Structures are given as C-alpha cells and as structure tokens.
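Provided herewith is a single structure, encoded as structure tokens, for subsequent inquiry.
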Amino acid sequence: MSRIALIGAGRIGRIHARNAALHPRLELAAVVDPVEASAQALAAEWGAAVRTLEQVMADPGIAGVVVASSTDTHLDYSMQAIAAGKAVFCEKPIDQDLGRARSAAQALDGSRLLLAFNRRFDPNFRALKAKLDDGGIGGLESLQITSNDPAPPPPSYVAVSGGLFKDMAIHDFDMARWLLGEEPVEVYATGSCLVDPEIGRLGDVDTARTLLRTGSGRLCVISNSRRSGYGYDQRIEAYASGGMACADNVLESTVRLFNDDGSRGDRLQNFFLDRYARAYQAEMDHFADMLAGAPSAVGYADGVAALALAEAATQSMKSGAVVRL
Amino acid sequence: MSRIALIGAGRIGRIHARNAALHPRLELAAVVDPVEASAQALAAEWGAAVRTLEQVMADPGIAGVVVASSTDTHLDYSMQAIAAGKAVFCEKPIDQDLGRARSAAQALDGSRLLLAFNRRFDPNFRALKAKLDDGGIGGLESLQITSNDPAPPPPSYVAVSGGLFKDMAIHDFDMARWLLGEEPVEVYATGSCLVDPEIGRLGDVDTARTLLRTGSGRLCVISNSRRSGYGYDQRIEAYASGGMACADNVLESTVRLFNDDGSRGDRLQNFFLDRYARAYQAEMDHFADMLAGAPSAVGYADGVAALALAEAATQSMKSGAVVRL
Amino acid sequence: MSRIALIGAGRIGRIHARNAALHPRLELAAVVDPVEASAQALAAEWGAAVRTLEQVMADPGIAGVVVASSTDTHLDYSMQAIAAGKAVFCEKPIDQDLGRARSAAQALDGSRLLLAFNRRFDPNFRALKAKLDDGGIGGLESLQITSNDPAPPPPSYVAVSGGLFKDMAIHDFDMARWLLGEEPVEVYATGSCLVDPEIGRLGDVDTARTLLRTGSGRLCVISNSRRSGYGYDQRIEAYASGGMACADNVLESTVRLFNDDGSRGDRLQNFFLDRYARAYQAEMDHFADMLAGAPSAVGYADGVAALALAEAATQSMKSGAVVRL
Amino acid sequence: MSRIALIGAGRIGRIHARNAALHPRLELAAVVDPVEASAQALAAEWGAAVRTLEQVMADPGIAGVVVASSTDTHLDYSMQAIAAGKAVFCEKPIDQDLGRARSAAQALDGSRLLLAFNRRFDPNFRALKAKLDDGGIGGLESLQITSNDPAPPPPSYVAVSGGLFKDMAIHDFDMARWLLGEEPVEVYATGSCLVDPEIGRLGDVDTARTLLRTGSGRLCVISNSRRSGYGYDQRIEAYASGGMACADNVLESTVRLFNDDGSRGDRLQNFFLDRYARAYQAEMDHFADMLAGAPSAVGYADGVAALALAEAATQSMKSGAVVRL
C-alpha cells in the first residue's frame, strides 16, 4: 500500500479521494485544504488525517501527492512535491500562463508527474486509440473532435477560466496530440458568442472551431460549444487510409422507445463526473502503477504542449490569422 | 419484350401494372377486371387494352398473366393460364382452403407459376439470406420473425380474411420455410384479442405467437400483431452456431434528433406498398426472367406448404395443443 | 453502519463481499465457508472475521446475512437467519425443488428476505420498467425476452443445475412476471440440443423457447440458448398499445469502425459479472435499505413463482403439451 | 405532358433521360450530343428523337431543356435556352470561372433556371431541413458537413476539374448556404495531399477542411476527402440552441451480423448514382413543376454564390489566410 496525500478538497478532489481510498494499492493518508471544514469532512469520510501542506511535503511516509487545488497553485505544489521526492498527480491545466508553465521545465520535465488529462483513460477513447494503433484501418489522416458541454458555466467561472480554449478545449488539444502522434504546426481558430451574451461581455466565446495542421499535413477539427442542448457531447472521429473509427457518446441506458413518431434513445450521460467516472478510476490506477515504478503516461511536457495550442488558438481567434508554431 | 396481361385492377394489381409497364423487358398489353371503370382507368394509365378473361386466355401473344384478382379465383385463373401455356404470377395466398389448394397439385406443381411471396424479393431479407448462405456465422439454429401491421384492417376485411394466420402470418410461414431450409414438423400457436374487440367477436385474434419446430430441432418463433403502435414492423433475427444475423426495419429517413430528452430516429417506413416497393419491382423482374426461360423461385408447392402451416397454427390455437405435421 | 455476514465465499459470494465492504452503510463483519482457505482469503481481503454458521446466527450484532452458499442450503440458511431475527439476501434460486420451496411458506412468506434476482436491479431493465410504468406507450400487451449465454457450462455443472429452465431461464421467468404485472396461466415450452450433444446425453436441452400466456391474454416469449456465438445476449422487448420499448445489450465500448465491408460495433459486454456489475451493486444497496427498514422489493414468493414457471416449462417440454397453472 | 430536350448524353445525362422519360408529366422528345452514337443510343432507349442544338432551340414545342453537357457549355446553352423562352435544368457547376459566371447575371438572374444541386432534393437532407425549419430544436448555430468520395477520380479528371473546392465541395457550399439561411462572410480553408501524390503534382489537394463564418457568427465546417476508405460518406450535423439534428449515411441493407468480434452493419450506399437516385428523381419532378409554372427552388444566383465560396476557399488555401467576402 502506498500512502498518498490529497491537496484540495473541492469537487474534483473529492473524486480523487474516493478513488484513492477505494484503491486496493493506495491509502489516502492525508487531506490538505485551506478551508478547514472541507478538509475535515473529506478526511473523516475516508479515514484520512487532516494535514498542512508543509506536513505533507515533509512526511517521508507520503509517497505521492494529488494536486487538486486551484489552478494557480498547480505548478508550485507540483515542484515542491517533486523536490520532496514524491510522485505527483496534478490536475489540468498545468497553468494558465504558457511562459510560467514553460519556466518549470527544469524541475518538472521527465519527472514522475502525471498530468490529469483524464480522457486518455476513458475506455472508449482508449479503445479508439487501440484500433488506430493496431493498424487495421491504415494510417491516420485526420480527426474530428467534438466536445460540447451540456450548459455554460456561471459568468464568475468564465471570468477566471482563462477562456474557452485554455479551460475547455485544453482536453481536446491533448486528445489531438495523443491521437495524431505528431505535433500541429498551424492553428486557426474562430469563435462566436451565440449561447450567453454575458460570456461575450467577458471577452470570451461560447462556440468555437479550431483547425490544426501537422507537419505531414494531417488535419484536425475541434468543435466546441459551452451548451449542446442535448447533454455532454464527447465524440471523436478518426479518418485513416483504410477507413474510419469513431468513439460515440455514452447513454444513460440502452432503452429505446418506438411509437408512431419514430424511435427514441436515452439521454447522453450528462454530468462529467458520471461520463468519465471510469476514466478517473483508471487514472488513479495508473498513479498507483507509477508509485510502483511505472513511468507516467502523461507528463509535464504534455501539459505545456496542450497549453501552447490553447494559447495559439486564442491568439488566432483574436487576430483572425493562422498561427504557425 | 414479353406481352403480359393483368387480371385484377385493385390496389395490388395497380402496383404490378406499374412495375410491368415500366419494366424494360415487359409490355403490359391487357387489363382484366369485372369492374369496367377500374379496368379502363388502369389500362389507360399505362397504354394497355381492356380485355375479358377469355380473350386473354385465348390470345397466343400474351406470354404471361398476373393474377391479382380476389383470393377465391387464384387457383382457377392460374390453372386456366397454365393450361393455356402461359407463365403465371399469382398473388398470395394460393387459396384459403388447404384441401382445395392441394387438389390443384397435378395442374400446378412444377409448373411455371410464381407465387407472390414478395418478401423473398426484399433486398434486406435477401441480404440476410445471403449472409446465412455464405456460412460466415455457421449453421442456422433458430429464427425470430417479427411481423406487425401498423393498424388493424376493418372488420369487413377480417371477416373474409381467413383469419390472422392465413391472411397475415402466411408471409412469415414462407419466410420461416425459406430461411430454415427445412420443413417444420410441430406447430404450436396461441393468440389473444388485445387490440380490437370486434376482431374477437368475428372469431379471430389480433395478437399471436407461433412456435415452429423442424425435424432436426431448429426452432422458429413468429410474433404477429395487427397493430404495432409504431408502424410496419418487419424484422427477422437468425441465430446460428457462430453468431446472429438480423434484418431490421426500414426508416423514412436517416435523420436523428438529439435534445435533452435523448435522441429520436425517424419513423418506420409504414405503408406496405412503400416498405416493399423494391420487393415488388424485383418480383416483377423475376417474372420477366421466367418469361425468358428461368425457373420460378417460389412456386405452387411453397404456397401450399405455407398454407398448411397457417392451417396448423389455426388448429393449434383453437385446440390449445401442439399440431404435428 | 449495519454489520452483515456472508455465507459462501465462491464466485458470486466474492462479488457480494466486495459490494458490501465498499458500501457506505454496510460493514462486512464475517465470512462463513466450509472451505477454510476460501473463507480466510476473502475475510482478509476486506478486513472481516472468519466465523462458523452457528456463530453468525447467534451473534446479535449481525443484522443481515447474505446466503451465497450452494443451492441446496438456500432455504435452510434463510430460515435459520430469519428465525434469528436477521434480514436475508438469498441467492437465486430459492431451491431446485418446488415442493420443498413451497413448504417454507410459513417461515419465509412476507419476511425480510431479498431474493437475488439481480436483473431487476439492472439500470437498463429498470429504465425499461420505468418507461412502461409511466404509461407513455400505453398498456403492455406482450414481451420478448432474449437471454443467451456466451458459452455452455461444463457438463459437470449441467448435471446438477436442475436443467435449463430452472438454472438459466429462472431469471427470465422473474423478468416476465415483473414486467407483465400479472401471473402466467399457460406455459408451453420446447427445446433442442443443438449446441453440445453432451448436454443432451444428460437429459437437458441447450436451446429453448417458452411461451407464456396470462389470464388477460398477454403473451410472453422467452428465448434461451446456452451459446450465442456473439456474447452475453440480454435483451427485452415490450409491446404495448401505443408502441414498443426495448432494452438492448451493453457493449464494451462505443467505438465503431467503418471500412469498405461496412461498419463494426464493439463486442457485447460478455461476462455476467461485468454485464451486471451495476445490478449487483444496486442489489446490495437495496439490502442496505432493507436493513434500514425498507420492505424487500423481491421476496420469497417471487422465488417460488419463478420456480413454478420453470417447473411448468420443464414439464411442458417433456410432455409436449401446454401446462395450465 | 411537357416535351423536353436533353443536351448531353453522358453519365449524368443518361440519369436525367431515364427520369424524364419515366415521369408521368414529361416527355423526353429530343436528345442532343456531339457524339452521334451516344445521342442515338440514348434516344432509341427512350423513344426520343436525335436533334441538333439549333433544332432544339428553334422548336416551339420544346418547353424545357436539360443542360448536361460539358461544364464550359453550361452558361452558353442555358442563356440560349432562356432566350428561346424555355425553362432550363442546368447541371452544376454553373461555370468554373467566377467572373464569367457573374457576367451572365442579366440574362439568368431570376429566370426560370433550375441549377442541379441534387442534394437539396435528397429525402434525408430535406428531412433534416424540415426539422430545422419546424423549430423543434431552436435556432441553428453551426453545421458540420462531411462529404467524402469513395475513391479519387483519375488524374485526367482532376486536371480539368477546377480543383477539389469547385468540383467536389461545391455541393457542400450549397448545402451550407441552404441550411444556414445566411451568407458566409469569412472563409478559411486548408488542405493536404494525403491520398494520391499525383493529385498533388497537379496542384490540387485530396483532403480539405473549410471553415465558414456568417455575419451573425454561425459557424460551418466542411470536411472533404477524395477517398474515404469506407464508401460514399455524406452526412450533415446541425447544431441548434435546443439540440442537434443529423442526417446519416444510407446503407445497402438493414442487415447486421453479430459474432464474437462484435456487430457488423452493411456497407454505405456507395455509388453516387445509387445514393442520390431518389434525389435525381425529385429534382426532375421539381422541373416538371417548373414547367407547370412553379418558381425554381435553386437558381442561377445559388450557383454563383456556391462558386464564390469555392473560389474563396481555393484562395484561402493558397494564401494561408482568411478570405473575407
């Protein structure tokens, strides 16, 4: 059993706490949160202790740290934990500022850090990747990534989110890099405010399309909306020389109704914590593997690369011009 | 061009008239119908002549006859036409009375008669049969045939229909024989009147299940309802040693809608003349092949065998016992 | 936290142990198994104690007992536990012998016993039931239950299984009763040995069709095979006055491939412990509710009624006649 | 019956000949083609006469002309026929040269000319449009148009095709305008040569993505490939404020196979003359309506607008910059 600490007892922290506590090879030993009551409630739920950041970093019995605190602390806490000899499971994004993120390269590059791009651990996207890797449909040529939220976040969140590309599309940039197997060299993005005018007043968009082009000419379209009107829409189509593979949405049940209006299928699995429940578990399982010596599947460099694409998309949308990387 | 005559200018007759008139190798030369106005209207539409039955039978220039008149005339007109040296395309059923149907064996067995079990010519069921025949899923073991009408016929039709098994399930008995490749030896059927009490008062049922068993132990379930509540439901599932093959319903379009209630697919193609439009054309094409010398794919013996199963099912339902053939 | 004991550390017992141990309102306190090593391994895995049956029954701190031992002990252990004032979660079937099962009526009828018909807790079948109950497609008229195993069990299992109807179709009889909302009054069953001749030599069948008819004329077909050739096939179609509702199979992923042969969807979720993983969890959750005072959703009488249908189907198949209940 | 003439007896001309000849309100009176043998064969097949262009234009008994000759003659023949008082059914594109196309505005704008964007008559895309128009999913916000050919054309065709955007994507630009109900004001396009290097040597691409933006901020992605690897892939997704509607591909049959590798659906309807057979018929039906006085649903201005988008996309791809219209 590896003993780990959780920093941050918010929504995503509570998911990781549960997955760590129920994991056969992990023990959730400590919870850190500036809000005392949150830390205490979560620690009590899973039989962990409440600790300060300093205590966790100094405790040689803590082998790993989950960084699920606010985005502006991700880099700092990760570097502290790595310096203290611990493995790190750091929530995305690595930071909102590309320059600052890059400045941590010496400390974090190649380190034992797992950057929490949870979609890489989703069974459907993994199955898609496996189909591409096994070569059955030939060489990959282009991607269509569709990623729409059920409903827009509150304006207060939008204001500090870093914008649609860094906050929401960051996952899709990571998916693009992971599946393309090659870095994009051109980014063109455009967006509109069609859903909530308040988002526009905050200088952001709620509907966007991004077009990536790699050095060898592979193309990738990323479609994003803050509000789908039909649930949490998470799909990928991969076009290859010998065919196409796609991963479709997950439904709440397999029930279909037929009447004289046609057929009806069930809703999309709607809440991201449900849709990606298995991904979060698999991610924690991978962290347990890392604590047993395995290399990280998604690291600091992946976080920086996705952020660089988000930055380029933001810049392209603002300038109306293609950004070359 | 082979010149053919149509006997019967009713609903199904008009379909056959159109398909014959538009067929590149057929010429619709004559229309016969006791209702003068019907015959004249249909003949005018396709540039054919109105003729009497006697004229058609005596005309050596008529190579084939389509018998689409009332059921009680099918046997008689078919025998007349065969005796006159013509090929025959006879609507189903061959007759409502099994004894009478069998008595025509000497005249009709092995003859150039096409019995119009149109579903054998449906592209979906043909594709299903081809999949079974190519052996890719192993040996056939059992069938599930689902055949539901959109809405019950009027009581006046039910009263003279011969009952659900002879009128409606007769197609399914033919599908069963065609796909099983083996004759059923046991029939058990049960039915209820759940849709329209008037049907019950006429001594018929509107909902039925029939279970067939072949000599080698293959099983077939036939599910029928006079009213599906969701359109013309025509499906077949074939279970084999290496998997399953099914033919699903045909939809009016490929459009799907997604909203927060789930997804919605279009209606089933609902009217049998639409659903089986291509089957009727393919059937006429086969008749053109017969006129060019090809043997009939579905003949008198198939009509009698399906009728015998319908008779057995009727008897089983009435007696509550299995009927062994 | 309610403390519970598990009797039987076999395959299904280990599932229940895990679900109880991870349940927020339950504590797995004790494990009983005649095989010492099995009991000890499972108890150690979840921090429970190894106990004898007598210790468990006598322990007033044990509020509930999960009976997952061999079928011939289900009735006896359940009655002991009920007599000792404990709630019982008893694996299906209640017994293989209908007379013996019925003789326990005085002790078990109306008691706090949960009979483990896990499919009632499957999210897909529950969603189907909810759609029927909300009346949106009108009154239920008939059912098609398809239930095929991926592969036949070994002959040694078949020999003591009680036969296909009691061992395998018992779940389907329960689904039929649950969804029909009315007791069948007629049972006709037929079967064949098409998969494994050894099963035939043991006097059993591997392929069967059962036709149920209720007092009001509702019809239900149950289709069973010991080997589907394409995975664990668990589907239900419910036909109602205003349409149809169906629950389809669960797939391993949502990935589809398209090439010039057509499209390919992923495999069915194949192993019953995977397919019904959520059902087993929900079942344990219901047991926790019972320990907090809720009435059992599936009880002794349901176990007896399903067994009576299995007995009737067995008898019908052997006699070739309809059995009236 | 309106008498019409066909100019051009090539592949698409033969389709229109058949549809006109079999149409109940049209008579195919004349066929014109510089290749005498082609004209004669087609005229003979449908009982039409072989005529010269001059004869057709001068014949007052010819009410309508189908222009299915080579692209460089479309504008000229259309203008001659309009000047001669005839209705015109003109194949797409209106011309390859935008300036030349625009110069015909005085003669053709508002005239009785049907430009043959056949996809507007496809039952699936019409059903999609109807769903958007009936308002059930709210206001349209963005489109995803996927349009991939089964296999690339021969280099000889590519060389004179005008490039992927004018030759292939022209249909998609028309679909975009038709569904968006608003003109795009920005066009960004990028493309690669991933399928056939010969296409690249000819200065064209075989894989492209185009991003359109309308004045109100609606977004449209068009995805094109000259070779899909899985058939003729023709799909549209329309995202609206209250949900999404999509039109999917048409399959060769409804048959699906299930085995232990998963399920398999049939191939896409692959050849464009099959896939759009009903669209071509509906288009001819609309021409018959026009001959009876109805206004054209797709006219000269639509042809010019689509060509302008194709021109802009070509220019954007070459320059690497957004083109503003």
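As written, the chains take the letters A, B, C and D, and residue 1 is the first residue of each chain.
Here is the rule we use: contacts are C-beta pairs under 8 Å (C-beta built on N, C-alpha and C of every residue); 3 or more make two chains touch, one makes a residue touch a chain.
Here the structure is a predicted model, which means the values were calculated and not measured.
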Of A-D and A-B, pair with higher C-beta contact tally: A-D
Remotest chain, chain B as reference, centres from CA atoms: A
Separation of chain A from chain D, taking each centre as the mean of its C-alpha atoms, in whole Å: 42
Interchain centroid distance [CA atoms averaged], chain A/chain B, Å: 57
Touching two or more other chains - residue numbers and ranges from chain D: 137, 229-230, 242-244, 258-260, 266
List of chain C residues in touch with chain B within their complex: 137-138, 141-142, 144, 146, 148, 186, 188, 190-195, 207-209, 211, 213, 217-219, 221, 223, 225, 228-230, 233, 239-244, 320-322
Residue ranges of chain A touching chain B (in the complex, touch as defined): 150, 229-231, 251, 258-268
Contacting residues of chain C [partner chain A, same complex]: 22, 123-124, 127-128, 131, 136-137, 242-250, 252-260, 266
